[in-house]
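What follows is a pair of complexes built around chain A, which joins chain B in one and chain C in the other.
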Partner chain A sequence: MLTFLQVLTSGIAIGCVYGLVALSFVLIYKATETISFMQGDLLMLGAFTVLALNAGVGLPLWLAIALGLGLMVGLGAGLERSVLRRALGQPHLTAVLLTFGLGLMMRGALTAVPAASHSMHRLGQPADEALRLGGLALAPAHLMVIGATLLVAGALALFFRHTRLGLALRACSEDPRAAALSGVPVAAMHTLAWALGAGLAAFAGLLLAPITFIHLNMGLIALKAFPAAVLGGMSSLSGALAAGVFLGVVEALAGLALPEGAKDMVPYLLLMGALLLFPNGLGSAAGRERAR
Partner chain B sequence: MRTPLRWVAWSALALAALGVLAAMGPDYALGQLAFVATFAIAGLGVVLIVGQAGQISLGQGALMALGAYAQCLLVRLGVPAPLALPFAMALGAGGGWLASLPARRLGGLYFAMSTLAFALIIEELLVRADGLTGGAAGLAVPAFAVGPLAADSAAREALVSLLVLALAWLACRHWVDSALGRAWRAIRADEAAAQSCAIDPARAKTSAFVAGGALSGLAGGLYAHWIGFLTPEQFGLMLSFELLMLAFIGGARHLAGALWGALVIVAIPQLIALARDLLPDALASTAGLEALLFGGVLVAVVLWRPQGIAGQR
Partner chain C sequence: MLHSRILLAAAFALLPLAAGAETPGVSHDEITVGSIQDLSGPIAMLGAPVRDGMLMRFEEANASGGVHGRRLRLVVEDAGYDPKRAVLAARKLIQRDRVFAFLSNMGTPVVMASMPMIVEAGRPHLFPFSPHEATYLPLHPLKFQIYAPYQDYMAAATDYMVKTHEYSRTCLLYQDDDYGLEVMKGVEAGLARQGRRLTERTSYKRGATDFSSQIARLRAAGCDLVVLATVVRETVAAMTEARKLGWEVDMLVTASGYSAQTHALGGPAVEGLYGVSVLPHPYAEGATPELAAWVARYRERFGAAPNVWSVMGYTAADLLVQAAQAAGPELTVEGFRVALENLQIRPDIFGGPVYRFSADDHLGNRSGRLAQIRNGRWQLISDYLH
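The block that comes next holds the complex of A and B.
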């Protein structure tokens, strides 16, 4: 039972990271109709940026995190303004190849930095002391991830419900033409979506850092964001986050119950199954609306 | 392509071929030619799915893996290589059908998702089923042979590849000109309009993925012989994206795009190796150079020549 609870917590923690990346992906997809294949690379770049500011430049950790996230938000906005804007209204393939190419360039540029490619890195002081509740030992890193994800989700909910900017972004995602007619600057909203998407991916990278350390392949985790986005229905931000957590838990439990290696296939089998049976996401499968 | 541009392209090609021949010798050039022809076969598959039917596939690399492993295992069992190729094709076609099945009524983005998931599952399976595939340690492939006749020199490898490419090309020409090809282009242009002309979009999409999968399987079967040793990581996501890139750079709307694209995709790593010799040591030793250049070429083509080399504007 204790093992079960510990596996469950670690599953929820890693699921939070999946969920945040899926959230960033769906946010971009909804607002700009663009498929981003570089969320994993943004995640990795964000973690490395904060690492470089903290360990390389010598800034205190909180300042490095704030500055690093700011830089990544700026990068997202800059890329949208300069390059990604060109993929608007093109077939999906254009955006897929464009973002994949940009991601490849980020990964390549970072690999070229010898200090980055040679070892795994830690961010800040590791808190290895496990939190004990009776016989249950919980890793503080996991609890920190869950707490931070809850905070971000809360902040995003407030942003999308109660600020003019958040409402404008939502309006633009629902119907760009109607939003433009009511005075929402649609092009600026696209920039905002990419800025937020890049910032969220970088934030997910920071949360992942204490769990898997910082290394060049940490971006691969973003592949799990695709099943999460599909299970969440591709159009719901809260659905993407919830599906990410769900996937993390299912994966952790599959690691307990199924043979070695099956764990890594489970999210993708779920993706294909979900498309076959509930093409609008698990959430809407419970509701009355069904796909055509 | 406009006529002057076509001339520039062809003369650049001829110059490059002469340069390679002079610098590296005929064996090297012919070996590369075999790879170009093999990639062009896989590229034709992508052209059918992406250029003709207007759908996305992110799993063509995994379909090549299916063909390669099927070919390798059958030949190891003693089946003559040309007889094993149809099985490699059939497995690729089956894989294409399965990968596209979950998304066939949804289309667009969902094909990207389901083929991606399929590719990642196959990659994991190839590593895990180590009793059959040798797992991550790999599997040696026998030479392409029928009885005493074997394609064991670069010239014969090139000859076999070109022959198979010619057959694949004829098949594609036939499909593109048939009712099937018209159905593909119709759903690419407008699904609702196609449906009102009695074209079943789901069926047309599935047939594109099956045909594209068969070509990928065929290319995989040949590729297995030319590289001689199979490991699952050769057929990862990167290969799928390289094939997409191939079709896009060459011009996905035209069958000829597959040839041009294959040429570019095979040439890029060679150019990078060449550039590495010329660059100062400090820069040349960095491992990220290849990814950086690959990404750069991809972004540049998407931004400045989205119709590809064979396309016209």
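The block that comes next holds the complex of A and C.
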């Protein structure tokens, strides 16, 4: 039982990171109908930016995080303004390939920095002692991930429900034409969506840093986050987050209970099953239940 | 008629000259050596220090007058761990640069793609970074290797650990690819020498982030030694997870985890980890005067602290220099081969193995030694194991 709980908490923590990246996929998709294939690279770039500000420039960690996230939000907005906006009205594939290419450019630029390509890095100090609750040992990094994810999810919920900007962004993703007619600046909302998407990915990268360290391949986690986004229905923010946590937990428990090797198959089997049974995602399936 | 006869005579007169300059890459004042490295790909972390180590040894040789008056020149091509680029790089180094030999080519995919072409062109293929049998077996006059397959090191290390610590339940955490399976074979062979078998084994995919379920599984099996077929990041993650749970099991990592990054990233959690060392890490503190001077020279030349990969590059280049020196002033591929096969190699300043080649064995070393992380750095705790 204890082992079960132990593995469960690790699964939830990793699942939160999947969920956050999935959230960034969905946020962008809802607002702009573009699937961004550079979220993994944004995640990595965000982590490296904060590392550079902290270890390279010598800023204190909190300031480096704030400034780094600000820069990444700015990068997201800047990319939308300069490049991604031009893909509007083009076939879907254009925007997808554009994000893919931008991701490759970010990776390529980073490999040109010797310190980045030649070793792995740790942000701040090595982890402290684990927190003990009875027999349960909780890693501070895992607790931080779970806490920070809850905080971000809460802040996003407030933003979308109770601020004019959030409402405008929602309106824009529900029906851009109607939103434009009611005076919502649709173009500015697109910029906002890309900025938030980049910021969220970078934030996920920071949460991942104490667990897997900062290195060039850390963006590969997006490969797990994308199924979570699809599982959540690509259109539901809460669905994406929940699906991320769900995948993390299932993956961890499968490693414990199922035969050797099953662990890595389970998330994708689940994804296939869910797509067959609920083609619009688990989020919409739950919504339908409620509507009934 | 007369003209053609003169031309013919001239051609014959030039023949001996052409024969004299036959050895490619060797001129009267220079020896050109090629190396296909990874300077931009997934193992650029290894490629850059290996290149720097080789450069340093060649520059030292040149500063002391070269090899029989010939300067050594290293031409490095970046293949980024990509077999297609490796083939292009090999062709360029053979045809355009006309290198004498290839030294320390980096990565198994690169080596497997380019090695056939290189030996077919008659160039020695020396000490590639690929712990694969094909780099020295079947015996080939141009193939020489100093790194044994993981299997050999791990069989000896597991055997030694189980014998000295009397472990009864040995387990394995392995990366689910060729590397992991090779280590598994070695661990099983080592255990078989003690009449034992693996108690539990569990795997992960490259790039895995979470090791909680694997560690829980191993803990439930009651392991008292966990062998890690991991690389640096996974080593730290697995050991941190175990220690978090308060599981103080002994762990032994392959030579891939024997890196200063392991204790730099892992901190107190990896204290006590055992590792297999093929060449010792060059720590500046506590070094012999010769080694300390070497570390200082390296730092000054390349602006970074040397690591175990720098030592490997330096060692490989040193073997080439020694063999070329022993081959005498008339350097040919054949002469070089004979010299390398009969070379009496002296112990180096790093505490590395004493390599030994012969006419029927082109693998210079088969053994590693055990190390343990104590007080935040690797310390060697055994001699070379056989």
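Rule of thumb we're sticking to: the second predicted complex is superposed on the first by the 282 of 292 C-alpha atoms of A that agree within 3 Å, B and C clash if a C-alpha of one lies under 4 Å from a C-alpha of the other, contacts with A are read in each partner's own complex, and residues count from 1 in each chain.
Assume a contact is a pair of C-beta atoms (placed from the backbone, for glycine too) under 8 Å apart; a residue touches a chain by one contact, two chains touch by 3 or more.
If you're wondering where the values come from, they're calculated on a predicted model, not measured in any experiment.
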item	value
Contacts of A:109 with chain B and chain C, given as first, second, both or neither	first
Chain B versus chain C as contact partner of A:215, first or second or both or neither	second
Chain B versus chain C as contact partner of A:90, first or second or both or neither	first
First (chain B), second (chain C), both or neither touched by A:139	second
Which superposed partner A:11 touches (first chain B, second chain C, both, neither)	second
Contacts of A:276 with chain B and chain C, given as first, second, both or neither	first
Contacts of A:3 with chain B and chain C, given as first, second, both or neither	second
Touching partner for A:261 - first (chain B), second (chain C), both, neither	both
Overlapping contact positions on chain A, where the chain C interface meets the chain B interface	111, 114, 117, 260-261, 264
Chain A residues touching chain B - in the complex, by the definition given at the top	29, 35, 83, 86-87, 90-94, 96-98, 100-114, 117, 223, 226-227, 230, 234, 260-261, 264-265, 267-269, 271-273, 275-276, 279, 291-292
Sites on chain C touched by chain A in the complex	40, 42, 44-45, 48-49, 176, 201-203, 205, 207, 209-210, 212-214, 216-217, 219-220, 232-233, 236-237, 240-241, 244-246, 261, 264-269
Touching residues (chain side chain A, partner chain C) in the complex	3, 6-7, 10-11, 13-14, 17, 111, 114, 117-120, 122, 125-127, 130, 137, 139, 208, 211-213, 215-217, 220-221, 248, 251-256, 260-261, 263-264
Interfacial residue positions of chain B with respect to chain A in the complex	50, 54, 56, 58, 101-103, 105-106, 108-110, 112-114, 116-118, 120-121, 124-125, 127-128, 237, 241, 244-245, 248, 286-299, 302-303, 306
